[in-house]
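Think of it as A, B and C in the order they're written, each chain with its own count starting at 1.
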Amino acid sequence: MKKQVPVPKLIFEQGRPGRIGANIPVPNTPEVNLTEAVGEIRETLGLPEVGELEMLRHFTHLSHVNYGIETGFYPLGSCTMKYNPKINERTASLPGFAATHPMQPVSTARGNFEILARVQEILEEITGFPEVTLQPVAGAHGEMTCLMLIKAYHESRGEGEQRSVILVPDSAHGTNPASAARCGYSVKSVPTDAAGNTDIEALTGLLDNSIAGLMLTNPSTLALFEPNIEKICEMVHSVGGQVFCDGANMNAMVGTTRPGDHGFDCMHLNLHKTFSTPHGGGGPGCGAIALMNHLEPFLPTPVIRREGEKVVLLKNRPQSIGRVSSFFGQFLMEVRAYTYLMAYGKERMADISRHAVLNANYVRERLKEVLPPAHDRPCMHECVLTAQQYKKNGIRALDISKRLIDYGFHPPTNYFPLIVPECLMIEPTETETKETLDAFCDALIAICGEAISNPELLHSAPTTQIVGRLDETAAVKNLDVRWKPCKSCP
Amino acid sequence: MAYIPHTEEDRREMLATIGINSIDELFREIPENLRVHGQLNIPSFLSEDKLYSHLAELSRRNSDLVETVCFLGAGIYDRYIPSTVAAVIQRGEFLTAYTPYQPELSQGYLQAIYEFQTMVANLYGMDLANASMYDGATSMAEAAIMAHGVNGRSKIAISRAVHPHYREVLRTYCWSVGLDIVEIDTEGGITSNFTPVDSEAACVIVQYPNFFGVIEDLGKARDAARAAGAMFIVVADPTAMGLLKPPGEFDADIVVGEGQPLGIPMGFGGPLLGLFSCKDEFVRRIPGRIVGRTSDHDGNNGYVMTLRTREQDIRREKATSNICTNEALMGLAATVYMEAMGKNGLRAVAEATVRNTQYAMKKLTEAGGKLRFQQRVFGEFVLEIPKSPASVQEALLKKGILCGLPLGDYYPELKNCLLVAVTEIRTKEQIDHFAAELKEALK
Amino acid sequence: MNVPNDLKYTKTHEWVRLENDVATVGITDYAQSELGDIVFVELPAVGRKVAAEENVGSIESVKTVSDFYSPVGGEVAEVNSSLGANSELVNEDPYGKGWVLKVRLSDKAAAEALLGPDAYKATLDH
């Protein structure tokens, strides 16, 4: 049954000239001649003119045709769509935090620096690295910052030009090679073997002194723990390279194992994945990085550190790579992350990874008859399954995903990692009940049955939302990325 | 634990289905020497009531700018935020959604982004805008790299009157990717000497109003760019766009900015909102996500992320940027702000800003300060004072006034100066109080 | 899979039609069907010198980008500018109206040594 909600109109098709949607501030200073004060004034300003209630209803209607974690199960692989606790929203809204300016004197922001120092310290302990900075503002930004540290490290040893290559697994997330390119590196691919591990022999062949480093996700994007991780790090170190851990899959490891103990030199974290800060439709992210002491001199400035009783800001850092974002990072997100970390504490922290891994393996077990796992090994916090067998029925992974929408679920990730054909990557997270997992698995089992008996149901899916599958070719060819009052308007 | 619902029975049933006896068996591939044994050395957990009081106590260690009156700007502004903004962005359907990769389930957010893109483009007078970047500083750095991508040149010419932190971020990005930076000098508070803008320059970057609050004549920078065949990039304050002629009308190629003044709290500098807009001809080169309008196969209007092949997950090392997650929720806040305030509200905010700023300039010069630059300003100005700005700042803080930014650390020639910002929510009484206390402090 | 008999091919799914010293080049029916709806073709500049197997452009569908490799060496004599507004020609008529570029050959012998239709078909069977 198609969703019965009003189809939202564009805001530009609503309102009337003269309306305003807020009880705006009114100055009580003397009037001025504006043209004298600022010069030429613009004639037109293309913003809507709607009343406050009108505007609010507009967004209420939009929210009714949008799906979030609070709507239902959201099993996107490697995105860690766990519950975003409401208490985090309350603490982040405290005026004592929200109404502070990043350039106000340090002595007037002691509470903020205390939060930043504590988050750094807890993350150091969780990851097993002695240093953390919170200045990167998203995962990709954190990856790039780590690569910048590695670049600066090699340059400091006179090997900057020689070490021009970064190795990236063929299963890596696209941000890995993109971030490497942003640091002036060329990228070479390291194959994954049939068991789902980094191909050690191939890696050996690629290692020489042109290698600046290796980027590895652990657990991998195949959701498998790299059993040879210590050996791999040793191998890269032996040719003078550095090893970066993509920490997107940290949810499998919190409290159970620490990348700093695996041999990595640095890692990035996604606080908006593992540590529950809200995804907000695609951001803000929060890309803390953790690193070993030999990379510490290159940290972005300013460095925030506890010295005795106080938390200080270190600005005079001659070897620093400089600044990577405007101020200290995503501060109000750090407040949320801190709240979350303190809700778990040392007693409960390991429960996160233990239940994340339990949930993923449960789903894997329940589905293995209809959607075989890509590898015959226990998975970590997500499972990678293949829908290859349905290709002969004319069904692809995408079709299964679209049909899941009709069953009321957000689909899992499709077609990533690239090396598993027709794959579905399912990450339940630890905050889902067994009943939810069972309902999801039952739905998938039914859909796989439909794939054989009535594939048209999948091809035409979804039919229960306000739109069906969209013409993405037309979206590119008839590019329309902004509203205009008329077709021929400039 | 509230967030993890599993009971002992849940675990037992699930383990039985999997065919194992304990969760530990699921970690058997992790070498024993790499397992954490016992508890991590971190604080004990807090229940929710204690969590709140703990965080509240930490927040009270700050001098917040509700109690203290804020005259500090420098890229982050204490502006009016309509109550509707929080009401909308706190809705779970928006707050807890992911990137809209499944458009059928995300039409709400996708449409909001389409509206955002339209309004940002209109604000800046440009053809189109993307779905957001991290902040103004990285937006600017990405614009410089995009210019290099367009014309292959490796020199980035940037005015000294651009925000010092933005120039620092640019320096880091340019070092990383192998581009050179040349700074264009200022005189009397405006960008003056465009000679470095030659045939090797990929772009010219100026700020509008500039870091000193001065409204520069963008035509000069544009002419220098055109003469050199370089791209013309402007970093523009969105509130000022409520009144000033937008950079698009000066033929800017790319306009970027910091969207925090559009309904986002100062938040100690994060999260922020990078704005990015450009001309139609460069659309395939822009970084970040972009939403387009199309229809489904029944002809229903719908929205979808488009031009995806520019992005990292498809184009990998040849992507226009490595950016993945952006600032969608802050973009939504700005969308609510721009729709609530609308054309009339944004204009009113800009006008009130000018009024308050002009009044403050008058009162603070009467109190013993001097206007360092004889230029038109929008909402911020450089005030020269006969005593050390740091000491005056300290004295005024005791009176509940954050008087502005001492500039000595950033511009040595301005070591006797404060950068003072006056937004639309400042009152005559607050400005009078500032002037009275300044006079006292300068005695 | 349409594999015309009068053309030469490469392993990377380009085809070549040789007419004296000018080679007309495009992508094969197999390639266009793998890509799906083509939305954009990035073409090199006319006059550019290209080497055999050099990456000279790209062919984009909605969800993928495929590098385009010149099968032959020489100078770009002409590019198919109608692909700007009508990129779907590559899908509809890959060997005809969907041609991508014309190269004035520097090495005719090398061009003639490319895969014949049967050899190309054999690569598709894997």
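Here is the rule we go by: a contact is a pair of C-beta atoms (placed from the backbone, for glycine too) under 8 Å apart; a residue touches a chain by one contact, two chains touch by 3 or more.
The model shown is predicted, which means the values in this text are computed figures rather than measured ones.
Chemist: Weigh A-B against A-C on C-beta contact pairs and write down the one with more.
Modeler: By the number of C-beta pairs in contact, the winner is A-B.
Chemist: Which chain, with its centre taken as the mean C-alpha position, is closest to the global C-alpha centre?
Modeler: Here the chain at the core of the arrangement is A.
Chemist: Indicate the whole-number Å distance between the mean C-alpha point of subunit B and the mean C-alpha point of subunit C.
Modeler: Here the centre of subunit C sits 45 Å away from the centre of subunit B.
Chemist: Can you give the whole-Å distance between the Cα centres of subunit A and subunit B?
Modeler: A distance of 20 Å separates the two centres.
Chemist: For subunit A and subunit C, let me know how many angstrom lie between their CA-based centres, rounded off.
Modeler: So the centre of subunit A lies 38 Å away from the centre of subunit C.
Chemist: Give the residues of subunit B touching no fewer than two other chains, as numbers and ranges.
Modeler: 314-315, 318
Chemist: Can you list every residue of subunit C that touches 2 or more other chains, as numbers and ranges?
Modeler: Answer for subunit C, listing residues that touch two or more other chains: 40, 61-63.
Chemist: Can you list every residue of subunit A that touches 2 or more other chains, as numbers and ranges?
Modeler: 472, 475-476, in rising order.
Chemist: Spell out the part of subunit C that touches subunit B in their complex, as residue ranges.
Modeler: Touching subunit B: residues 40, 60-65 of subunit C.
Chemist: For subunit B, which residues count as touching subunit C in their complex?
Modeler: Subunit B residues touching subunit C: 284, 308-309, 314-315, 318.
Chemist: Hey, which residues of subunit C end up touching subunit A in the complex?
Modeler: Against subunit A, subunit C makes touches at 37, 39-40, 61-63, 87.
Chemist: Which of the residues in subunit A end up touching subunit C in this complex?
Modeler: Residues 472-473, 475-477 of subunit A touch subunit C in their complex.
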